[in-house]
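Following this line, the structures themselves.
Next, two complexes with subunit A in common: one pairs it with subunit B, the other with subunit C.
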Partner chain A sequence: MKLKAKAGQEAKKAWTLSRFTREFGGWVFMLPSLVLFAFFVWEPMGYGVVLSFSKLRAFDIVGFAGLDNYKYVLNHPYFQTALINTVKYAFWSLIIGYMVPIIVSTVINEVVHLQRFFKFVSYFPSLVPGVAALLMWQFLLTPGDEGLINSVLLEVFGIEPLPFLQNPSWTIPILIIALTWKAAGSTTMVYLASLQSINPELYEAASLDGAGVWSKIRYITIPGIYNTARLMLIMQIISIFQILYEPMVMTGGGPSNASLSLMFLSYQFAFDKIQFHYASVVGIIVSLILLVLTAIYLKFVKPQDS
Partner chain B sequence: MKRFLLILMAFLIAAMLATGCNKDASSKPTEELDPDAAVTIKVGIWAKDSDAAGLQAWENYKNVMAENYPNITMVPEPYSYSADTFIPMAVSGTAPNIFLCPFTEPNRLITNNFVADVTSLAERYGFKDGMVKEMLEVGMMDGKIYGIPRGGYALSLFINMDLFKQAGLVDSEGLPIYPKTFDELAETAKTIKQKTGKSGFALPSRDRQGGWQFSNIAWNFGAKLQYQDESGKWKNGLNSDGAVAALQYYKKLKWEYDVLPADSLINYEKLYQLFGTGEVGMIIAGSDSFSRPVSSYGMNKDSIAVAPIPAGPGGQYSLLGGNMFMFSHNSTPNQLEACFKLLKVIGMTPDVNDDMLKSIEEDILVRLQNNIPVGPQSLNVWSNSERVNAEQKIYDKYTNVNMKLFQPFYDVVNKTLKAEEPYYCQDMYSALDNAIQECLTNKDADPKAQLDKAAKDFQQFLDQV
Partner chain C sequence: MKSSKLATKTGIISAMDLKRTSTRVFYRFLFALCILMVLICLLPPLYVMLSSLKSVQEFYSIPPTIIPRSFEPYKIIDVWVKTNFGRHYINSLIMIAGCVASALVFNGMAGYTLAILKPRGYKIGFAVIMWSLMMPTVINIVPVMVNLTKIGLINSFLPLWLGYGANAFQVMLFKSFFESLPVSLVEAARIDGCTSLKIFTRIILPMSKPITMVITVLTVNSSWSDFLMPYLVLKDKKLMTVMVKIYDMANSHFPKDYQMVALLFAIVPPAIIFIFFSKYFTQGVSIGSVKG
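Moving on to the complex of A and B:
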């Protein structure tokens, strides 16, 4: 305890003018990005908080609303649906999407020939513009016998046309598949980097000791990527909580609000109804949920020492 | 250092909050009116690049403007209104000086201060006295005029004559045997499906357009969607018998008659596409868009016929809509004046004069060249009968479609017009969208239960009136 306090004091001492002048150059280098951050990230964040407590006329603040905006949003008929849906999105994205990049990167890492080609192929969907990719999925998934997947199913397997996105209980998993197809590539690259940083000597040593493929994965690969996977899990939850384009483009939130997400609700407040204060409230609620989730997660799932 | 950084950040944030992103939201133009001063306007009503006929017409307008008003520079900024793109532009002060928007919009644009008050110009240019009062009032608030109606429309039943002919649904004169009741509509649709394999009918169900069209059909089934009770409070009738019967009818079309497209999550634009490409026999659409399936989806101009929406047990109604010119709030008096001069040049003027007649005629000639229907007009916005007749005369001269195909609609439309419900329409439509989607995607959905839920959800909005 004492030791810690002492260290703290020393650290404080270290923040002196001489150190500032020594690091001045560094700060100058950081200044542009700090300014950009302040302008594009912190300012809007701060302004969002202000808006959420304000009475608005379009973007003009005309008074202080106290907690009225929060009450309104929490009692809004679609808020609860959107919240539950968003949790469903997160659940399905973990079920469907979490393992995909891990498996793909492990396989690519093991491939000897054409590794670059496979890296490119797995990253390629990330290069396709978002809306174009979603329209492609929509085209593939058209219900009825005119849909591409449906006509293949019918012609080849004799399966009756499937409703796909029109079935409320399939909508979210299907949107997650479309999202995973597009986003898994970049996560795969992160895992690959982490896999390639594992010391190959470990595998050699394991082979000498007679370990098989599964033991190598179990005792070398998984511990090697554990910290990355730990971070990626919470990052994935954070990004899924902000899902917007997929339901907006493919289903408009339907059928019957079955795919309405919190961010889509926020979008509707802001741009369909010109109620930026309510939109900000939804945004703030989402960030509070994520803050709490992340804090709990980081507390209970600790990083492993390498 | 940390403190220094904190102070720096706090300062930056404070500075940005103070200067903010909403630069122009409340600034009022202070410039004096000077009709000859050089002025530049951003024209949002310019034709889009994809619209060859429109571009040609605008080339003409541009020449006339340059000739008559050399001080006015026009910057083409073709813009089709949607709330989600307009608001950011209005907030940042980059909206076009003149643009078109649907009748559903003026209310919120005016209350949010996004559009300019043009009362004095509207008076001076004769719009105030020369237009149909009900139409002009859509763009007014507290006695001030903010918008100039361009045209009104009534929802109507578009008929694809190619499919009707294939299905044998034409009389000896070659005119469509169109449905006059909802039962007939279902039967007609069924015949089309059986004889041609195409969907007989299609309905929108998303982006609040499902609820929009549903409200019209519900009226015809006898629903009162919004009303005041004895105490004067506003109540909704989304789950009233008429509305439930209407939704029951939707459900039957989908699951019993099986005449709707397989895709049940479609919007209004998709309707035009399905109709224009011959995938659907009948749709409900606005009477200002007879040319849309032709210009956007390559339909033959002679293949369109139009009838009124069938009568139901509650009567026969046609939802009244339209679009109007509005002007961005940060336009200077000179810019507004220039916009009104432009209106005159494109033929939007209440009095009869040669320029205006010439401009209408030129516009028609361009449409003729491009094989777009000329003849059937939307609802009239002018109260001056001299003007109405003068314009009609030009149309009569150049009509290129068989007007008998449109006659059933014109015969009844004026008796059936009904304006949208008064309050929170977008929220009402979105609640209805949900009920419709449920009934079109789930065979076992209960329309009454769905509408009970919609009514409960929507009442929260009506309670705020």
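Moving on to the complex of A and C:
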């Protein structure tokens, strides 16, 4: 029986000419895209690993370095700073960047007056190009009595001028706030879509059963957006560990390396010192960290059955 | 506040809850939060705009004036001419045109193959594309740049354009759109002996206007804002896109008020596009989130 069925299947899949052109045509259609994915995603990944184990002279591989590159980077005085800073970025980004879109979308979704206007405005900062947004905040946050925000603080609230980005322990949280200002809007839209897909009858039924606001949030809203929030969590972690051009544009890694991130260190190795092997080592280390974090995430943050 | 809207309100706070005074106060509090959000979103860019158009003396006064006393809009033209900004707009347009074409053609063809053609072993292609969604992309910049330098594609728009043809998220958008099209049409055409190419150009393309708009709008916006790769690839000052130019201005000795006016040049185009095409931005989000 099994054999017969198999033979029948084979007959169906016989390679007639028209079928061949169809299959072949399909692959021809996909091939250009696959080549681009290979060139921009997969080959660089493998090449990065190769570079990290190689001796380089400018752009050319001149020998096998074993673990020497890794030893060099791990013992580099800036590496530890960059690692700790990146963890700080992740911490602040989970506290500020992760929560803001959830809160904003929930609030907008509840406010029926001017709702379309609020949605529109909440998306506005996402339209401001990243570099422009960062330069804008850098300007507003100019330290000392030259700064605009400082002059508002002084004249309206009577607060003495603050150092903002110049204070090493404030730099990272402020960068995250600027980043959140720019990025929260598009995430808010995703949460709004998810909030609006919650069946309103659930809320009505809960109201009729006498459920209060908090229990509706607990038993209807949170389960309703759980899977979206779960996806956003890992996206946020993956992107924040690669933070690069935010410190590059706003602080240049300073003051005294207080905002130097791992990928910015990698950038400096590559494009300031032309040491692509060390840059690749940092990249590989970030990948490994993300691999471990993703594994932990998949193990402990389970999707919810709907 | 109009109470008619509140009388039929559903959601976490329902019309029933609003009968209680405490909940009504809470609702007002939420409304106030939204107003606060509006201020936080709009004031900083407006403020930078207005203060960049202050007179030079006022701009550099210490402490800066909170409410601008002077307003000199002709500074905009002044800066545009002195920095030769038209050239950077043209560069950005070249960048955008190529990126949109590349995104539509390559991601569209991949999405079409995965949704409709499904040749033998297409799942391998699917895996190659989908797994790249999870890959940390910034890490690839170093090896990609080494490759580009070796091939000699520095100071060329080509790698920037092609990079937009490898966007797994857009392949997903295309795929889920093509899957939503009626299969019977494609089957019928195939029985009539249409080739894959004909099916694509005669049947699929005319029906694909909505997804084409979504991808175009998303790509225009992201390629306009793109900074890191253009900065690394376009080393020639004549080739700088708008984003690279404003970063370059911030790092050279341009007067601060000039820099702020130039920010205006960077912010205004996407804002205008959004006002006209906001529908497609939100569609992109909603198509994306269904699958996510």
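Descriptive notes on the structure:
The rule we apply is simple: the second predicted complex is superposed on the first by the 271 of 306 C-alpha atoms of A that agree within 3 Å, B and C clash if a C-alpha of one lies under 4 Å from a C-alpha of the other, contacts with A are read in each partner's own complex, and residues count from 1 in each chain.
We take it that a residue touches a chain if its C-beta (ideal position, glycine included) is under 8 Å from a C-beta of that chain, and two chains touch if they have at least 3 such contacts.
On a predicted model such as this, the values are computed, not experimentally measured, just so you know.
Once chain A of one complex is fitted onto chain A of the other, the partner contacts of A:Asn109 are limited to subunit C, with no touch recorded for subunit B.
By the document's definition of touching, of the two partners only subunit C reaches A:Leu290; subunit B does not. Looking at the shared chain after the overlay, A:Phe59 reaches both subunit B and subunit C. Put simply, more of the residues of subunit A are touched by C, taking subunit B and subunit C as the two choices. In the superposed model, A:Trp42 lies in contact with both subunit B and subunit C.
Contacts of A:Glu146 after superposition on the shared chain: both subunit B and subunit C are touched. Using the contact criterion defined above for the overlaid structures, shared-chain residue A:Phe29 touches subunit C, although it does not reach subunit B.
With both structures placed on the common chain, the touch criterion links A:Glu204 to subunit C but leaves subunit B unconnected. When the shared chain is aligned, subunit C comes close enough to touch A:Pro129, but subunit B does not. Contacts of A:Ile274 after superposition: subunit B is touched, whereas subunit C is not reached.
Contacts of subunit A with subunit B, set against its contacts with subunit C after fitting on chain A, overlap at residues 23, 34, 38-39, 42-43, 47, 59, 145-147, 267, 270-271. On subunit A, the positions that touch subunit B within their shared complex are 15, 19-20, 23, 34-35, 38-39, 42-43, 46-47, 50, 57-60, 75-78, 142-147, 161, 163, 165-168, 251-257, 267-268, 270-274. The part of subunit A that touches subunit C in the complex is made up of residues 21-27, 29-30, 32-34, 36-45, 47-48, 51, 59, 104, 106-114, 117-118, 120-125, 127-132, 135-140, 145-148, 150-152, 154-156, 181, 185-186, 189-190, 193-194, 200, 203-204, 207, 212-213, 216-217, 220-221, 228, 231, 238, 241-242, 244-245, 249, 263, 266-267, 270-271, 276, 279-280, 283-284, 286-287, 290, 294.
Of all residues in subunit B, only 1-2, 4, 8-9, 12-13, 16-17, 20-22, 25-26, 83-84, 87, 90-91, 108, 111-114, 205-208, 261-265, 267, 426-427, 430-431, 433-435, 437-438, 440-442, 450, 456-457, 460 touch subunit A in the complex they form.
Only residues 1-2, 5-6, 9-14, 16-17, 23, 26-27, 30-31, 33-34, 37-38, 40-42, 44-45, 47-48, 51, 62-66, 105-107, 109-110, 112-114, 117-120, 122, 125, 128-129, 132, 134-147, 149-150, 162-163, 165-166, 168, 171, 195-197, 200, 221, 224-225, 227-228, 232, 243, 246-247, 250, 256, 259-260, 263, 266-267, 270-271, 274, 278, 281-282, 285-286, 288-289, 292 of subunit C touch subunit A when the two sit together in their complex.
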